[in-house]
Amino acid sequence: MSGNSFGTLFCVTSFGESHGPAYGGVVDGCPPGLELTAADLQRELDRRKPGSSRHVTQRRESDAVEILSGVYEGRTTGTAIGFLVRNEDQRSKDYAAIAEKFRPGHADYTYWQKYGIRDPRGGGRASARETLVRVAAGAIAKKWLRERYGVVVRGYLAQLGPKRIALRDWQAVDANPFFAPDPAIVPELEAFLDDLRARGDSCGARVNAIASGVPVGWGEPVYGRLDADIASALMGINAVKGVEIGAGFAAVEQRGSEHGDEMTPAGFLSNHNGGVLGGISTGQDITVSVALKPTSSIRLPRRTIDVHGRATTVQTTGRHDPCVGIRATPIVEAMLACVLMDHALRQRAQCGDVNPPTAPLAGAAS
Amino acid sequence: MSGNSFGTLFCVTSFGESHGPAYGGVVDGCPPGLELTAADLQRELDRRKPGSSRHVTQRRESDAVEILSGVYEGRTTGTAIGFLVRNEDQRSKDYAAIAEKFRPGHADYTYWQKYGIRDPRGGGRASARETLVRVAAGAIAKKWLRERYGVVVRGYLAQLGPKRIALRDWQAVDANPFFAPDPAIVPELEAFLDDLRARGDSCGARVNAIASGVPVGWGEPVYGRLDADIASALMGINAVKGVEIGAGFAAVEQRGSEHGDEMTPAGFLSNHNGGVLGGISTGQDITVSVALKPTSSIRLPRRTIDVHGRATTVQTTGRHDPCVGIRATPIVEAMLACVLMDHALRQRAQCGDVNPPTAPLAGAAS
Amino acid sequence: MSGNSFGTLFCVTSFGESHGPAYGGVVDGCPPGLELTAADLQRELDRRKPGSSRHVTQRRESDAVEILSGVYEGRTTGTAIGFLVRNEDQRSKDYAAIAEKFRPGHADYTYWQKYGIRDPRGGGRASARETLVRVAAGAIAKKWLRERYGVVVRGYLAQLGPKRIALRDWQAVDANPFFAPDPAIVPELEAFLDDLRARGDSCGARVNAIASGVPVGWGEPVYGRLDADIASALMGINAVKGVEIGAGFAAVEQRGSEHGDEMTPAGFLSNHNGGVLGGISTGQDITVSVALKPTSSIRLPRRTIDVHGRATTVQTTGRHDPCVGIRATPIVEAMLACVLMDHALRQRAQCGDVNPPTAPLAGAAS
Amino acid sequence: MSGNSFGTLFCVTSFGESHGPAYGGVVDGCPPGLELTAADLQRELDRRKPGSSRHVTQRRESDAVEILSGVYEGRTTGTAIGFLVRNEDQRSKDYAAIAEKFRPGHADYTYWQKYGIRDPRGGGRASARETLVRVAAGAIAKKWLRERYGVVVRGYLAQLGPKRIALRDWQAVDANPFFAPDPAIVPELEAFLDDLRARGDSCGARVNAIASGVPVGWGEPVYGRLDADIASALMGINAVKGVEIGAGFAAVEQRGSEHGDEMTPAGFLSNHNGGVLGGISTGQDITVSVALKPTSSIRLPRRTIDVHGRATTVQTTGRHDPCVGIRATPIVEAMLACVLMDHALRQRAQCGDVNPPTAPLAGAAS
């Protein structure tokens, strides 16, 4: 399988470029009988949409999605679900100035050298706009997981540059343009971003996500591990440079007597493992955290080379998010949901006849 | 594909349990004509072998590997390479006491609940002893990468519990039982581990690895990204809870003007991206870092439940590494090498006719 | 991977239903730099198009294809090629009468029982109209194979019901609505079909295809064999019930002294093996033949049951081909081309460094 | 995935060469809890074993199989099942005479040209001895299918060269060395083979197989079709040149009014479709037929070239089956069983929540 599909049984295939006619995707393997309309996808796409605040790219896209197959009379039929989002606001002229140069930190250089050809308009295939396909696919996964297993997948912005954001209020997440789980910190984030934008610079971010209600037993050990597949899905999001599950890098300094989550008949007493042991879900919350690097397209001048290998500088004046992490929360949720759904299906394929022989334990409070 | 194989074109399949008769693996897709003998695999296996110092499990295994196929007159034939390592020192009685209990932080509970049956002897399939298959496969990948492309994959212990270890001397890495790249710190590490072992506790670790000489252009964008596949391979190693590429989580607090690696005709000026942009190698060093959690099998008593769901405590008195990270360096190298080889093959499949149109840039000093 | 994708490196994903809004596909893994426009796909789609003669379904579809991604300034970029064909002439009312009944020999019954739901309009996902996705993907494969390796993939109708058709003239194939390679037999075929249609019945067919110019060495032995993948691709075409390679079933009655293709420095002396030995191409023509069953939707009344399990009869009065084999030639060519392209890529991945050590032999005249 | 594995969820990986130390395999994805011992595999291996009559190769192999993993206390654990069969009787000297020549009809030439290297001893990886891996894997699939679903997979020799063999008595199949379902014809077959062997020639064969008890709904439509996967599995058996399902090539001359299997509440009235419609099982018997070409290693002299491209002749005097079809029956059964088990798992993954909404129909008498 080449690089534009992922998943074993719940399989997502993606196509499209930033300034081409459209993005689209195919979701294969969804069980039949799920109630599904374009509105289910649209709701999640709208969360990721550009132009929703002054802090993100001002590109104007309705991101209206059309379902082309796989749904009959409002329910999935078990066949491939194709969907399409037309691009509307492609100001390709913005990119003429950089078509012959490579932006530092951007995929311009690697696409060019790998393929010997690239679509320079808006980053072409490397544009983060591709993540709308993931979000649409994730909407299907989230819905099925919730209806079939009661699994809820939620994320939030945990850090914006140097600003750490505490998880105080899940309700706040969708009520501000940053997916910040603390309404009190929003003005501070806005001021920080206004300053950053004025300087022509960008910053990194951290996004956390939690999947609650995952039953014990999802994930295959050794190489098809749930944690390995989650890591792949999250590291594969544009700009992600680090992935943690559970305690993550804090585990380096933990002792075994602290890290190993004790169990009692009343449930687990902690969740340092982030809901995965031996590559298999424990029944606790799956907790993940990703690091997103700063946007590479910035207005500050940077040293680079052109396609002829000559020294030059580049400034990017197009419409860009000063922090790709701001809109990343729905994407992280979507990728996590797709992996979980894939493993839900894989689990019942192999172990559909197994009932957990010991009464499953409750999770620790997260 | 189920959970015991990984890789698309360079594909590794693994089998075996800690106290079963043997471990074995099948490496599929290796190009023909590579000189290969069992000694090539043995050299790497010996680096990972138990019993090599008082700081790791005292299980006595020669880990002697036999190549069963795919090599004719000292060269690979292009067919599947099967290999086998017999288990020798299986003291299954050590595990009788814990067969009915779940060790906190261990896969005991999840295997049991997923499959309704498990081999409790030595962790069964969940034992880190399975990593010998990865190391053997990685030995093939490392050799081919070096001979065909000049790629060198090296790793080292970067942190042991609270002890950070600076990269001072690559030569030191294989000259101490910790793969520490600084001989001066070894006595300190030994004292720390002796104390830890005396307390019956365990600690976490951080292992770094670097692949040098990787050409620009390996990795497929979007979902088959080189970084995503690396993340999957590394998070899939037993006990790993976090993976970073390049700046990793430090990217969260970086500005775009700092993070994006500038380019000049003389080469890249930094390597915050860790050698991957847009999922494709840049030609710089690939730099990765993983967090390993503390060993879950410890002598200190821990609260847990038994298979009947009743409260109990567990102490693990068998032979265990007090820090799984100590022997993880060859495993991290092996997994990184396998992913790179897979992508080397994928690259020449699709882009075998492409020459990078711009003279490839030199990397920054790492 | 679920059921709507095929291919390992040249990977085709398909979606769409007969009376939904559109069909579409994603071709992943195409090398960069291939000149490609919608016209390249359209040419092949037009060969398969309905309504082109009175002998096939009178459904009126322009089958106009739009390329949505993966092509920039007329050349492939190496990223996923998405394409779309809107459905235009969906007379769903034709199907109301049969929505609650199962047509004998049709997938109505199996979709219904497998998924618990089906789109009954025009066969839904089971409609042979889906083959347009294969034909579009095959157009890309055919073009690349021809330009890169000089491989030519051609097919023809070899038998229509009882009428055997000799290969007399390749030029004739595209000059009649049956893809018959003998212009003299066309009036006889027309009379036969007129009579069949008047009776309300349908007939089977045999289609042959040949790939010329395939180099020695494509195909992986044992399970990823070229012949196995061809068999899968061809048996997977709607209505196909048998696949032969080379001598096919005639090999049952051959002796080894007759079947084994002798070699001389001037080339092979025969081609009973159909260009594949041990799962690997020999450099001779790849010759295949498929059996297509008669169309199951016929006007003659047939005994069946309804969705409640009650006895009933069914007559299908919609627009149907009296012989699905008539339009199958471009589909067989397309599937064969896709498999060959996949293996061309796989071959250079693993064996890109190998030159055939013996001067490759010429093929026997086919 | 490279060429030595097959199956999506029930995945078989194979390694070994005819004159190497051993053959082995890994079966991944088997559900936990299946009672399994080496004897289960041995029983099927003994059916395929060489040296069992004067009509097959006289190579002496016990083909004793050892299970190395995946089974604990007599039951599968859900982890990878590794198994090994040591080679014992490798008379490599037999092959010295042909190491530099290519046998017509054999994979000698294609391996050599593809890989630039080959193991000439006994055909190396191309030897039909590899099929023991398939038979061992198939033994697991057959057992699980029978115990979990009541599916029975059986095959028989339907034709030996010109001799057609009627299905008169299933009990006879395992009571003669040909798997002939008619004891009366056995003397005739023996005389035919004795004569053939005396002439130094070989012949082709046809093998049929039937899977009974397969529920409605297995198989994915469009590309992951049950029939396509069966065709791949069967065409991938050494020497197979043709595959039929149901009516097969006879469908070419059938009318729709004859071919389409009518349904009544009492069941299907015929089974021309061979138990598959639209790529999905109907609940009728799955009926398949394969053509096997004559053995290419014969004693009669044949024109060929040597590795330097020079004209020469070759006679094969080693130990060979005069008809590979004689021992093919267990292999065909095994491959069919593996495909069915894979689809059983895939079906319950996606459609585990679906009950066939209409009472499933009984099959027609086969």
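Just so it is clear, A, B, C and D label the chains in written order, and each chain counts residues from 1 on its own.
Basically, contacts are C-beta pairs under 8 Å (C-beta built on N, C-alpha and C of every residue); 3 or more make two chains touch, one makes a residue touch a chain.
This structure is a prediction, so every number in the text was calculated from the model and none was measured.
Listing every chain that touches chain A and chain B alike gives C, D. When every chain is reduced to the mean of its CA atoms, the largest separation from chain A belongs to D. Just to note, of A-C and B-C, the chains joined by more C-beta pairs in contact are A-C. The distance from the centre of chain B to the centre of chain C, with each centre set as the mean of the Cα atoms, comes to 45 Å.
Chain C and chain D have CA centres that are 26 Å apart.
Here the spacing of chain A and chain C, counted between their Cα centres, is 38 Å. Contact with two or more other chains is made by residues 1-5, 8-9, 14, 29, 32-33, 78-80, 114-116, 125, 221-222, 350-351, 354 of chain C. Within the complex, the chain D residues that touch chain B are 1-5, 8-11, 13-17, 20-24, 26, 28-29, 32-33, 66, 68-70, 72, 75, 77-82, 84, 114-119, 124-125.
Against chain C, the residues of chain B that register as touching in their complex are 8-9, 29-33, 78-80, 148, 221-222, 345-346, 348-354. Residues of chain A that touch chain B in their complex: 1-6, 8, 12, 14, 102-107, 109-116, 125-126, 130, 159, 161-162, 196, 201-206, 216-225, 227-236, 238, 240-265, 269, 272-274, 277-283, 291-296, 298, 300, 302-305, 307-311, 346-347, 350-351, 354-361.
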